[in-house]
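Right after this note come the structures.
Two complexes are shown next, each including chain A; its partner changes from chain B in the first to chain C in the second.
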Partner chain A sequence: MPSAPTPVPDAPVPEARNGGAAPAKGAGRSAAGRFDPHRFGPVIGLILLLVVGTALNPDFATWDNLMNVLTRTAFIGIISIGMCFVIISGGIDLSVGSMAALIAGAMILAMNALQPLLASPVAVVGLGMLFALLLGGGFGLAHGLLITRGRIEPFIVTLGTLGIFRAVLTWLADGGAITLDGDLSDAYGPVYYGSLLGVPVPVWIFLLVALAGALLLNRTAFGRYVQAIGSNEQVARFAAVEVDRVKVLTYGLLGVCVGIATLLYVPRLGSASPTTGILWELEAIAAVIVGGTSFKGGEGRVAGTVVGAVLLSVISNILNLTSIISVYLNAAVQGCVIIAVAFLQRRRP
Partner chain B sequence: MSEVARFSRRVLLGTGLAVAMAAGFGGAVLAADPVKLGVSIPAATHGFTGGIVWWANEAKKELEKAHPNLKITVKTASNAPEQANQLQDLVTVTKIDSLVIFPFESAALTQPVVQAKKKNVYVTVVDRGLTDPNAQDAYIAGDNTAFGRIPAEYIAKKYNGKANVVALRGIPTTLDNERWDAFTAVMSKHPDIKILDAKYANWNRDDAFKVTQDFLTRFKDIDVIWAADDDMAIGVLKAIDQAKRTDVKEVFGGAGSKVMVKTILDGSNPLIQADVSYSPKFIYDAIKLTAEARLKGEKLPATHIIPSSLITKENAKEFYFPDSPY
Partner chain C sequence: MSLHIAFDGIVKEFGAVRVLHGVGFDLHPGRVYGLLGENGAGKSTLMKILAGYHAPTAGTLLIDGQPARFRNSRDAETRGIVLIHQELNLADDLTVTQNMFLGHELRRGWLLDERRMRERAAEALRQVGFEGDPDTKVRDLIVAEKQLVEIAKAQLRNARLLIMDEPTASLTPSECERLFGLIGRLRRDGVTIVYISHKLDEVERITDEVIVMRDGRFITRAPTAGTPRARMATLMVGRDLTDMFPEKRDPPPAGRPLLAVRGVTVPGWAEDVGFDLRPGEILGFAGLVGAGRTELFEGILGLRPRSAGTIEIDGRPVRLRSPREAMRNGLTYLSEDRKGKGLHVRMGLRDNLTLMTLRHHAQPLLSPASEEKALEHAVAAFGIRGDPRGVAASLSGGNQQKLAIAKFLEPDPRVFVLDEPTRGVDVGAKRDIYFLIARLAAEGRGVVVISSELIELIGLCHRVIVMRGRRVTATVPAERLSEEELIAHAIGTHTRP
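Up next is the complex of A and B:
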């Protein structure tokens, strides 16, 4: 937040929070020295899962499998980082899966339309990626404006756009699939399938987004405002935080994250269909909460969110690599693990 | 036993009526009457249902052009309660006299259809049978048993009864179970065909990609992947490509989407050699059969199964509809 009039001091705002987990930042810092099992709940859960996975199938612990899992986590992971900001600020966004599907479809249509006009497929792909980011940012800002200026609950706004985005995609796709042209598919492929120093490109981008997110949340005025608003919006307002503006920006940020996730997703299958991104919103929200962010807002962790997202995909990976449990029960296993991890990182009342 | 008895009685009754109609009493009178046909189908949320919607509208276009005294109303619904409401509207507001319905769920839609039938609407049920077969005048469906049996027979024959197979399943439903049971029934006769594992991938490309990645990590020697759906086959192919695996010799999808049929026709991917038809075109056939029978004042046979057939390079042309979205 470049043009904020007065910097908000760290301590007073979280303290002003009525009830709930009061000392958000203060406790985090003072506890950094000693080991807090609640804070490391998700990490402990993940380590346990890794041990179980390796014991059940030795192929689990191979580099290739690890990279497969991290690569497929990248989409949800990147969206979760954006979602982390929205939830910390006390908001929610249910539309991200539909938004990703619509951005994917619109982006493919735009690239297919540009192809005859430009000689270089790489240029077309570059413009397509830019388009995806702009579209995501635009959708996010629109959410933010409807929520702040329109004074509509975020749950309702994004429930509405959840339906709108997916319906528009289905309409654009005529109920079928929107598919990227062959040449473009070849030029775009490396963005998902390529790797750098043995690590796939989407994993690098996931890492960069996570680092940027952690920096933004913990080391900038914007990050402090987001936490202050989630802790107590009234107090933040009195402390001269431009609440509406910060909120709009968090939704815009999430939109851009969805755009980034989509531009990594499109080269995987080269297509978008009405089933693209179904239930991503729940996975993203689950990753954020499992990672130790308070659903009520006010406090949260980017690193925890990353661990949460990885944890969720490791569960389904282990289930696919074994057949000790009936496939009918897969969702139940996932449910149990999510609840167990949430229990490990629960807060004291 | 009683099931059979009831069935044959219905067939006899139906045939008797049809003969009576054809014999002329009323047939000629009815032929002049206009027919208002309602079509109630699921909204386009999957490639397959997208195809259903497209073929229903094709049928409307063609048939209304051919028969000026025929009016077809197409309604799409995104869940069972919405479909039940639309059905009421079709009967009371649009005042239809014939109905072609592709029910979301068998149980939930049975009562609403019974209500429509009580108002003398002629009912053709497509794909998913109702729990009370008396609620329908005719039943037209694709062949789910053949959808599982044909790929199994094809794989068993082509690999001389010896192969390592992994399979993907759709969403846990009776439809998926019928296909899976038919597939495993054939394979159980071939002791050297090993089904290594089968997992649900929800008829979804992305899930199919992930499940296949994990299958490839887990099993080092796979001959055939039964993707059981053309949408899922796309995800399977990408995962094989990425893992650069050469042991997989064939991927068998299902339904005959235009992308897969084109691939077979052009021979553009050695992994895709054959497919089994389960075309959303059956909604077109159902509307056409119903409309034409009603215009003539005739009845349809009680049950009409549209056969699934093996699609190979030789006959792929017959199954290629480039304008359809699926």
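Up next is the complex of A and C:
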């Protein structure tokens, strides 16, 4: 296994450029500063939804409800931030839902097995969480290697592992559920149910992952390489970018994100079953697309992805709280939103 | 049926940008016109209006005296006007016949009439001198054959006016000859040809009349016979161009080579190639398309497998397995395929420029200010004109090329390889690039120039290596450089004097 990904370049080599520099020309308004519907569309949509939700049900705009929505968003949101990198680089990962289920099952089994060996349930839970991260990262790196070294389309590779991951979980669970032991559940509970300054732990983690993701994408060489590869892989290759390495790292990063989402999710129910994480891959991809990232790769935004994930769960929350549209039609409403967003963001030919 | 075309006060605006400022001239049937102008002069836009791809913002297009308004290129085709695009517009996965009838399929009842289409395609292909099988997939054709297919397709539609945009950009001299023969035949049949090319020698040879555009305006027209090449170039740029090339400095003294390549074989493309490059030297690579020049350097860069050979830089053997390793060892390569391998056309100027040297701008987070400074420096040093906040695609061809050169010089290579450095570049920018190359050599770098433009190799290089059929056939020193000499080595007709 390669060592931990260190996408941030090693030492700063400030280059002294002598002379000749023209004075800065009105550096104020950059292309990003102009109003760009691709950029603000999702935010406007989210604001509209918040207004509608508040108008329809007074319970909507309460702190508790908002924190509830954000907590539920955290799983998909964290995964979609990793997915954002993969899609920007021109790839895709269909397996994340199955991967989450298998990681959940495997980490519960591992914790249950460790419990008799270690005195402290907290230590067991800590090791379990570490295991989830390693497993996710490992799965992701395996995807990346199959895609780059094996030269197989990412769609095919992850379609394959989508089946493999879920089948292995089902086999491990013998068709039923894998449940965390009671003592461990108590020790693990705070990771999901706890809160800091009135904000639940998963929301904090979501926020941290989002900030780290935005920094990684926009302010590191790795992030620039990801965009360059998605924009045109050949050009990146000729420009001495280590294309394969960067691609493997994006899948590894997504795997770690799935690991984080899973270790937040497990204490919620304390079990994993063949239905855990079903359709998460589609929700994560939808969040990325609704957030304004081009499905063809090359450009995308972490902040948009966060907004996209929140927007999708606000929709289901509003449906839950009101009775205008049946909550059974939740997926249909989300589907309409995705298509509408894609329609609004399509490029002029 | 003849076709008389008149442009009357054609204006075209894209958003707020006016690219054509009331262009007016006319085209008579059965003549070959050379349409000249630097990149951005508006030639392509005007021709796209003629071929129905764009509608004019104002002004009229008159065909045989009648105003015509095309809604799309099909409308124009029905009037016999066909534009053959620079990057040929054929579907790779369809056969030659299927491409030729695409959108105009012949039917028998509900079914396609394959037999009749095949026959008619074969007939049209025979007329243009295409010798292949009409059932071949277009993917398997070489560029010259694709071009013949395009022309045959136009003939099938009964074209009376053919617009050819840089048709010889990737043709070998013998393929060019065949194309010129075909153009002559079409002209005798009364077809009007509008020929757009940067290669003035071709324009001089095959056109009856030249029409010059500059900055979205019609400048002048003149019979080709009375217009020498130098005059054409001057008219295009609007200033005198007596000296395209910098004065050649003396070739550097023999000494330790900067780059020594020995016995390199790139399977299928180059065999047992060896050469030296000295500091301060400009070394040319001549040869026909397919002679293996580009692939040789892609092999040296590690982008293609090498089965044999050694490479030394500064007397030190190096292992080059990727462009990154080449860059670390002081060698960078700018591809001939600017949009496909050289620049990220949808990304900004700054992101393009610093992609190879991001580590210099990371502390450890990337510093936009530092990258901005690099861009300002490059804009000033290389004379890149255009909106520095726009994307690379918004620059003209010449400025894109300057940006690409700046990008591959950012790592400060000691050996710089430029593949077709002036392809699709206007005359003014060409001159800038030639002077830049001379300056790089004067700084003590080794520069390799791969080019199909012999004038360029002759005007610029200290020595020229000629490749033919995967092998080096000659190394020609500066004092013996001539078009005849290079062509003879490239096509294998050279006999020792």
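Here is the rule we use: the second predicted complex is superposed on the first by the 306 of 349 C-alpha atoms of A that agree within 3 Å, B and C clash if a C-alpha of one lies under 4 Å from a C-alpha of the other, contacts with A are read in each partner's own complex, and residues count from 1 in each chain.
Criterion: a residue touches a chain if its C-beta (ideal position, glycine included) is under 8 Å from a C-beta of that chain, and two chains touch if they have at least 3 such contacts.
This is a predicted model, so every value here is computed, not measured.
*Asks:* Quick check on the superposed pair: does A:Leu133 touch chain B, chain C, both, or neither? Answer first, second, both or neither.
*Replies:* Neither: A:Leu133 stays clear of chain B and chain C.
*Asks:* After superposition on the shared chain, which partner residues are touched by A:Leu215: those of chain B (first), chain C (second), both, or neither?
*Replies:* second
*Asks:* I'd like to know which partner A:Leu269 touches here: chain B for first, chain C for second, both or neither.
*Replies:* first
*Asks:* Quick one: classify A:Asp59 as touching chain B (first), chain C (second), both or neither.
*Replies:* First partner only, chain B.
*Asks:* Have a look at where A:Gln234 lands relative to chain B and chain C in the superposition and call it first, second, both or neither.
*Replies:* The answer is second: A:Gln234 touches chain C but not chain B.
*Asks:* Touch check for A:Val43: first (chain B), second (chain C), both, or neither?
*Replies:* neither
*Asks:* With both complexes superposed on chain A, which partner does A:Ile278 reach: first (chain B), second (chain C), both or neither?
*Replies:* first
*Asks:* Per the contact definition, I'd like the list of chain A residues that touch chain B in the complex.
*Replies:* Against chain B, the touching part of chain A is residues 57, 59-60, 62, 64-65, 68, 72, 170, 173-177, 179, 193, 268-269, 271, 273-276, 278, 316-317, 320-321, 323, 327-328, 330.
*Asks:* Which of the residues in chain C end up touching chain A in this complex?
*Replies:* 303, 322-324, 326-327, 332-333, 335, 340-348, 351, 355-360, 362-366, 370, 372-374, 376-377, 379-381, 388-390, 407-408, 411
*Asks:* Can you tell me which positions in chain A touch chain C when the two form their complex?
*Replies:* 8-15, 17, 20-22, 24-25, 27, 30-31, 215, 218-221, 224-225, 227-228, 231-232, 234-242, 298-299
*Asks:* Would you mind writing out the residues of chain B in touch with chain A in their complex?
*Replies:* Spelled out, the residues of chain B in touch with chain A are 43-47, 49-51, 53-54, 169, 172, 197-200, 202-206, 209-211, 213-215, 217-218, 231, 234-235, 238, 242-243, 259, 325-326.
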